[in-house]
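The same chain A turns up in both complexes below, where it pairs with chain B and then with chain C.
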Partner chain A sequence: MFIQAAAGISPQPSFGALLTEPASYAGNRLSCIEPDYSQLIDPKMIRRMSRIIKMGVAAALDCLKTSATEMPGAIITGTAYGCLADTEVFLSKMIENGEELLTPTAFIQSTHNTVGAQIALLLKCHSYNNTFVHRGFSFESALLDAVTLLQEQHASTVLVGGIDELTDTSFALLSRFGLYKKDISSSKTLYDGAAKGTIAGEGAAFFLVAAKHSGKDYAQLNGLYTFYKPRDITDIEKNIQSFLSDHAIGMDDVDLVITGQNGNVHEDAIYEQLAQTTFKGKANAVFKHLCGEYPTATSFALWLAANIIKAGVVPSCTLVNSNNKHPRRILIYNHYQNTHHALYLLSAC
Partner chain B sequence: MADLKQQIIAQLNLKDLKPEDIGDDQPLFVEGLGLDSIDALELIVLLQQEYKIKLANAEEGQDVFRSVRTMAQYIREHQPKTV
Partner chain C sequence: MSTPVFIAGAGVISAIGKNIAENLSALENEIPGMGEMVHLHSVHHHKLPVAEVKMSNAELAALACMPAHISRTALLSAIAAKEALGYAAIENFSELRTGFISANTVGGMDKTEDFFVEFLNDAHRGSLRNIIHHECGAATELVADQLGIKNYISTISTACSSSANAIFFGARLIRQNMLDVVIAGGTDALTKFTLNGFNTLMIVDQQYCQPFDENRRGLNLGEGAGYIVLVSEKVAASLKNAPVCTLSGYCNANDAYHQTASSPDGTGSYLAMKGALQQSGLQSAQIDYINLHGTGTQNNDIAEGTAIKMLFEGHYPPMSSTKSFTGHTLGASGGIEAVFSTLAIQHGLIYPNLRLETPMKAFPFIPETHFKKGVSIRNILSNSFGFGGNCSSLIFSKA
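Presenting the complex of A and B:
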């Protein structure tokens, strides 16, 4: 499967050069840097869109524009939290108005599939449209569906994206669960020290994927694999080795490993152990200091990996270990709360 | 009518418009302001919330929501009397 284009709206300047001037944040919450949507979306439609819908639709449209594709063969999205802001408006109005006088717009747009539906409405795309909501596997499920559609030749191109937003309410609730660090001065220091908690993030990343090589692809996605609640580190190592073996390669064939460290000492312990075994001596890049932690953060990692292969350069702000090698094959390994583990293998075309 | 225009702008999130941009007799739907069926539902909610008026018959909507003037007239005729 080939990635013809990748576009994202994230806490980083996403539409310009690749992370040449990375944004850093004070505190434990990263918010997306949003573009001027009126340049991308019909103003008549913008008025009804909440922030996540605008982020998702704008990223999708930019992705299509980059690939010079007017109509994808299918639209698939993955989101864990869905359209939280509209859900909050709808639920608040229910309470305020005694379950009467509910605003239809917030209700209609509170469903998880709103972003995919809005993209389809804008494009007048009547093809396959699906949304996956599976916590830390939401984006992987969407991508797996895209792979299946392409392999079974139900579509020649698929627009697939991962989207999640953070609202004041969700941030407050997730903070109460102890997910985020309480005393972090800057996102740049996310990996310093050995404390519990991470930083909150959000983002929208879209990809136009195709079964056939177009000659201008960002990268080839050779494989995707997920595993749930591994027993121990040995189990994780076995899964990684088996994934590579399935693609007839070993770690020596991988130029760069992108891993999902999020600053939480308990969760990062897995990556640290792998750095001493399976990933020992490999060039390593990290990304969650740039986008924060959220269930579909792997969509940001895939956006980053595809751009690294396309540009042939690893942004210095992501590198932990470098071998100064032009990366032609990248392995992404991420886990979400040590329950949802995902592996991606990409290579240059 | 200026208040009603302001309420319509707020309810429908017509951020680029000011009350003076909406003509008293300008059609609200299709060729006028370009509102659609979801906006019609929002306007029904507005009537209930702001003026305690329940649109008795959905078919009335076409005449009531023709313009700001027809809406204002309907409100005047149907607003509950305060003692």
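Presenting the complex of A and C:
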């Protein structure tokens, strides 16, 4: 499967050159740098859209524009939390007003498929449309749907994206669960020291994928694999090895590994161990100091990997541990709370 | 379709019963599940009838063998999924590549909306235990862990068409030899959030709903869960009880008309039904029964009926909306109706469309109003259409 285009809205200035001037953040919350939406969406429509819808729709439209595609053969989204802001508005009003005198707008826009539906509506796209909402597997599920749809030749191109927003309420609630670091002076120091907690993030990343080579592809996605609640580190290593063998390669054939360290000492222990075994001696880049931790953060990692292959440069802000130029094959390994583990294999076309 | 996907088992819980036997009995005796709400605590309790599962969370938890404090969405899901797996009776289940693909629309909202009452007063208050399973995927994982399913787990949420999409995503993973067995369908519990949401859209009937009636007033919300066990041809051949039906066609299309309303000409509905027929290789005349989406809203029924008129002109098969029994169970509806469809093929049944008084003037066809058994049914079309223009149709065929 080929990635014809990738576009993202993230806490980084991601619409321009690839992370040449990365943003760093003080504190434990990273918010998206939103573009001037009027360049992409009809201003009349923008007023009615909530933030996550704007981010998702803009990333999707930018992706189509980049690939010069007017109409995708399918639209598939992945989001763990869905449209949180609208959900909170309707829920709060419902409680405050004692279930009386409510208006439907927030409810209408609260359903998890709103972003995918709005894209279809704007494009007048009657084709296949699906939304996956499975925590740390939301984006991977959407991508697997795209892969299998292309294999069944039900579509020749698929627009697929991962979107999650962070709101004041969700940040407050997730903080109460102890997910985030209490004192962090800069996102650049995310991986320093052995502390608990990570930093919160959000983002929208869309990809136009196709079964056939277009001659202008960013990269080829050779494989995608997920595994759930592995027993131990040996089980994780076994899954990584068998994923590589399924694609008839070994670690020696991989030029760069992108891993999902998030600064939480308990969760990062897995990556530390792998650095001593499976990934030993490999060029390694990390990304969560750039986008924060969120269930669909792998969509940012895929955006990064596709751009690295296209540009032939690994941005130094990914803290890459070697001056690896022109990586031809990239492995992404991420786990979300040691429950949802994902592997992606990409190569140059 | 080149590689058939077989249905080896089914399980359901709804307002008309906690298992297949109870649901079938209510369908045969034409007993609807609507009534005044008992377990949902809403200010609308005297005004808006709902189709509630007639069990408390404690009773559901005992039946599901799960803790009573978790979301009702997960409890309902576990009960129906276990029944489905029980019927499938796959002996070497643990050695196979198994998946659980479930759908829902609001996840653990039944608990979140209680939590929010305290949280709105003080952001440090409210028991976190009540929101830990808020995400849609949480209910799926609670049940998957109980069933011992690890190879593939996912959750779909496309409003009212959610579980139809879960079923055909599962079928696709089997067809592409990624999995051997998939339990697919959906679940949703009644919540104040959805009840009030639909109520603001002014599409909730204050009486019992009358799908496809000229004077229909809206829908009744319901709750429940329904799953079917999809298996590969190889697994099907190994089963003691040979599967009685296959999933022979499916299609997902988008109406691309409005965020909540269907287009008047039912474009999305038409494309979904037509695509499913094409995939199954069947002519419309070969469909023996249509399980309608049939919510009872003005908008859905005219759009769905218009699409049926275009596609089935000249030979309308018997059709009915079983939402006249179960209410609209949202993310569970495609799963529950898939279960009803497989049972209809297995036992030769056609379900009645309750409370039909005045057939819609726009259409030359009239839904079935009486329960029929001993009918030869080879192919059933089941429709699920929803918000966001998401329209999906499934076709079940005799194996």
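The working rule: the second predicted complex is superposed on the first by the 346 of 349 C-alpha atoms of A that agree within 3 Å, B and C clash if a C-alpha of one lies under 4 Å from a C-alpha of the other, contacts with A are read in each partner's own complex, and residues count from 1 in each chain.
One rule holds in what follows: contacts are C-beta pairs under 8 Å (C-beta built on N, C-alpha and C of every residue); 3 or more make two chains touch, one makes a residue touch a chain.
Model, not experiment: these values are computed from the prediction.
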Residue contacts with chain A in the superposition, chain B compared against chain C: C
First (chain B), second (chain C), both or neither touched by A:44: first
Which superposed partner A:118 touches (first chain B, second chain C, both, neither): second
First (chain B), second (chain C), both or neither touched by A:95: second
Which superposed partner A:126 touches (first chain B, second chain C, both, neither): second
Touching partner for A:103 - first (chain B), second (chain C), both, neither: both
Common ground on chain A, meaning residues reached by chain C in one complex and by chain B in the other: 100, 102-104, 108
Sites on chain A touched by chain B in the complex: 43-44, 47-48, 97, 100-105, 108
In the complex, chain C residues that touch chain A: 42-44, 105, 107, 112-113, 116-117, 119-120, 123-124, 128, 131-132, 135-138, 140-141, 144, 150-159, 165, 169, 172-173, 175-176, 178, 192-193, 196-197, 199-201, 252-260, 267-268, 271, 387-390
Interface residues, chain A side, partner chain C - complex: 75, 80-82, 87, 90-92, 94-96, 98-100, 102-104, 107-114, 116-118, 120-121, 123-135, 137-138, 141, 144-145, 148-149, 151-152, 172-173, 176-177, 226-229, 339
For the chain B and chain A complex, residues of the former touching the latter: 12-16, 34, 38, 41-42, 45, 48-49
